[in-house]
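The same chain A turns up in both complexes below, where it pairs with chain B and then with chain C.
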Partner chain A sequence: MSIDLKNVDYVYDSGEPFEYFALRGISLHIDEGAFVGVVGRTGSGKSTLVEHLNGLLFPTRGDVVVDDEIISNDRKVLAKVRRRVGIVFQYPEDQFFAETIFEEVAFGCRNYGFSKEQVDESVHRAMKTVGLDPDHFLSLSPFQLSGGEQRRVAIASIIAVGQKYIVLDEPTAGLDSGSKLAVLAELETLRQATHVTVILVSHNMDEVAEFCKQVIVLDDGAVAFQGPTDTFFSDVTLVERTGLELPESYRLSRALKACGSALTVNEASTERMLESLKLSVSDLGGA
Partner chain B sequence: MALSRSFVLGQHYPGTSIVHRSGALVKLVSTITLMIGVFVATKTAQYVPIVVLLVAGILVSRIPLRFFARGLKPILFLIVLTVVVQMFFTPGKIIWQVGFVHITREGLVLAGFILCRLVLLTLVSVLLTASTSPIELTDAVSDLLKPLSHIGVPSAEIALVMSIAMRFVPTILEETERIIRAQVSRGARIGEGSLVMRMKSLIPILIPLFVSSFRRADDLAVAMEARGFRVGDPRTRYHARHFQSIDVFILLGTAAAVSGVILWRLFL
Partner chain C sequence: MIRLDKVSYQIETSAGAVQVLRDIDLELPDGSISAIVGPNGSGKTTLARLVSGLLRPTSGNVQLLLDAETHTVTDVRPGVDVGLVFQNPDNQLVATTVEDDIAFGLENLQLSHGEMVQRVEDVLRLLGLQPFRDYPPHRLSGGQKQKVAIAGVLAMKPSFLILDEATSLLDPTNRREVMQTVLRLNHELGIGVVIVTHLLDEVLVASRVCVLADGVLAAWDSPRAVFSNPAIVKRGELVLPLSARASFLLQEHWTDFPLCLTPEEFARATCQLT
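Moving on, here comes the complex of A and B:
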């Protein structure tokens, strides 16, 4: 099972003098259970792409296929697809409306007709997944939380529905660095436990390098690269051409190579980079 | 996207014609006067001076005609309804009859008159809003209200409220679309089911919208105060307006057209 895009074009104001290609000839394949990054500079079509994944937008040309369902304007198809693909938009805490966190997180479950016990269970599970103690939080108002807690509640309200595919559009924007890592680590734990597919749209290359095994790179509405994340970051010219930056760990490793140092670092994440650096420095017997 | 595009409150068509460049206050006064003129006329023929002025204005403005056609669309139903009612239900000399349905000569004349009146009123206001940016228009309203400040009407504040409201219409529409997308992604069904269900489905949209609007208002207030705004203090304008010769022409043309209508009504 997978999400596939086949030659998708999306044109704003098609046929008008101001027509604008937001997506052109996008073909993608996202495997179930993967942790996939979607990156690209501002205006490269990331958000437009995301809105195609659960039928908020329909392709001007081409098909979006979720599992075996071709997304169309048909109400039944849309209901099925939205039941499978959940999207956490940018600043998801802006959608809060309920009096208590319980109601907020239960909103999606109720919409999909969960029984009372199912709602209860899903809400508790989702809250634990995002690292918030249900007994303490569920009766509070979502508006009295801190920014990081609000973001977690918003993510919980999508996770609670139990969709197969979860798309997050910059889930860590505006969070402090501690919360950033924690939120993503929670998603990774969830993915390993339930085999859910996580699609992460991000501007932060360190995050992408650390969590996403696969990456989709968009440039000017087209796919510039699709494949293993380390392959992408190893191709410096491609990274520069698509207007992106190398993660810190890759930059350090390149800098070390460039000055002919015998030191090598692990590029997988900033944390591992630091660890490996410490190790190799002590191996060399240096300070 | 669709929502904000179909919404045509800001019917501004940017351009550089002399109609665009003339003073907003002059255009506003001229529009109001012409509307009064439209109501003064009692016969279709008396509209001629106003039509001449309006056609001249439309041509000079170089705003495409379909823009005016779009402006007529919202009142199309009203026009059809009044014309039909006038045509069939005005007593007088019958010129066409099938069964009990009949059209009278008087009915036809009256229908034509009402049609002209509605179309003229709309076109005049479309020309104003198309050739004047909302900001200029609110400035003009504030100028028009200025004499009232002597009797305690806070005209500057009213104008400020108006321009802020207009400025935020597109922003709030965008926000609404964003919230709708988010709630739909959480399985909300908007505008489906019974009336009660539909009303209930609006709650998850309206509450976040209110919350964000209050937050925006707060931010705006802080930003304004940070830049030295004080209620009641006199303000200067970034775009100072000076009376130009074209303004005189517009005012003279308007005066000529409306006095034409009045004289025609009184003496012909």
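Moving on, here comes the complex of A and C:
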């Protein structure tokens, strides 16, 4: 099963003076169970693309296919697609409305007609997944939490529904470095446990390098690259042309080569880099 | 200079009073660049709002020092003396076009029409927003909205600019550009800058970093001093840059290896190893 986009164009205000091509000829393929990054400069179409994945927007031309279901403005189709694809928007905690965290997280499940027991179980499981103790948090007001906790509750409210594909638009914007890593690690654990697909829209290249095996790069509404993340970051020209930057591990590895250092490192992730650095140091016979 | 003298702030909740900030003493010199860091919930945004005059301290004073010799002080006028750019631009955009949105704050300053037009023009150019001047702000991307919010604040020509994670939705290139613009304003016009951030490269441009932990000032020092102090790093829940972690690793073998904060610095230092 997969999500596929076939030659998708999206035009805002088609035929009007402000007509604007937000997406042009987008074709892409996202495998079920993958952890995929979507990157690209500000205004490159990332959020517009996201809104196509569960029928909040419909392509001006082309098709969006979720598990062989072509998304259309048909109630039955939309219900089916939205049961499969959940979206966490930018600053999702701004949409909080309930009096308790339980009500907030349970809202989506109730909409999908879960029984009382199912709601209970899903809410508890989702809270544990995002690292919040249900016994402590569920009776609190979502408004009295810190930013990091609020973001986790917002993510829990989507996870609780149990969709196959979870799309997160900048889920770590505004979180401290510790919470950023924790939230993404929790999503990775969930993915490994349940085979859920995680689609991560991000401007943070360090987290993309760390968590996404595959990356989709948008530039001016078109796909500039689609494939393994390390292949993308190995092409510095493409990275710069698309307005992005190298993750710190890649910058470090390049800087070492550029100054002719005898140390060599594995750049693919932070931990691997530090480990390879340790080996390289002992090879050099560091005292 | 903005001076914070024993500033505390508390809020009343159903569960009783919560102390958000306690006894903060800070001096932000005119034209300086400072950063505020610390975990979520440590009081960064509250501090930013207190400095900007949007919130009044429960006890203590936030004042603008006008004359150091005569100790003349005055309250901070929000927007006029200190401009604050919020985390989420949707909380700050009000008008139907980008141009009107930028002009909105100016309309309260009783400026001449010519002056207003000029200022709007200047910030549109400064932030590269000319192509979007007639756009409805809600049609822009998250990052573009953040630029509009920054433009609206800059048009007021404040003597201090506070960015509360104001670049969190920008791509790396745009973030660099906005930061370069802010640094240029600091350099050319002497605007003081306070950056609330979780991003390392934004911390590194500051001359001093205010580390908050649980509402208390845990440190007020240079970035290098902050990152080389494990106790402060721990209290402020800061994540060390990869280059710093790599430096510590090398220090196990070469005890005099320096603490490096960027990959470039690290690479240079390794090449000097014998």
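Methods note: the second predicted complex is superposed on the first by the 280 of 287 C-alpha atoms of A that agree within 3 Å, B and C clash if a C-alpha of one lies under 4 Å from a C-alpha of the other, contacts with A are read in each partner's own complex, and residues count from 1 in each chain.
Just so we're on the same page, a contact is a pair of C-beta atoms (placed from the backbone, for glycine too) under 8 Å apart; a residue touches a chain by one contact, two chains touch by 3 or more.
Every value quoted in this text rests on a predicted model; they were computed, and no experiment measured them.
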Chain B versus chain C on the shared chain A, clash or fit? clash
Given the touch rule stated above, what does A:R82 touch, chain B (first), chain C (second), both, or neither? first
Would you sort A:Y12 into first (chain B), second (chain C), both or neither based on which partner it touches? both
Identify the partner contact of A:A258: answer first if only chain B is touched, second if only chain C is, both if each is, neither if none is. second
Pick one for A:R191: touches chain B only (first), chain C only (second), both, or neither. neither
Partner touching more residues of chain A, chain B vs chain C, is chain C
In the superposed arrangement, does A:L56 touch chain B (first), chain C (second), both or neither? first
Figure out whether A:G108 sits in contact with chain B (first) or chain C (second), or with both, or with neither. first
Is A:D94 contacted by the first partner chain B, the second partner chain C, both or neither? both
State whether A:S47 touches chain B only (first), chain C only (second), both chains, or neither. second
Contacts of A:D176 with chain B and chain C, given as first, second, both or neither: second
Could you pull out which residues of chain A sit against chain B in one structure and against chain C in the other? 12, 94
In the complex, chain A residues that touch chain B: 12, 51, 54, 56, 82-83, 86-87, 89, 92, 94-97, 107-108, 111-112, 143, 157-158, 161
What residues on chain C touch chain A, complex-wise? 13, 15, 38-41, 87-88, 90, 134-135, 139-144, 165, 168-175, 198, 237-239, 241-243, 245-246, 249-250, 253-254, 263-264, 266-268, 270-271
For a test of understanding, state which residues of chain A touch chain C in their complex under the given definition. 12, 18, 20, 39-44, 46-47, 90-91, 94, 144-149, 170, 173-181, 203, 205, 243-245, 248-249, 251-252, 254-256, 258-263, 270, 273-274, 277-278, 281, 286-287
Listed in rising order, the residues of chain B that touch chain A in the complex are 1, 178-179, 181-189, 203-208, 211-212
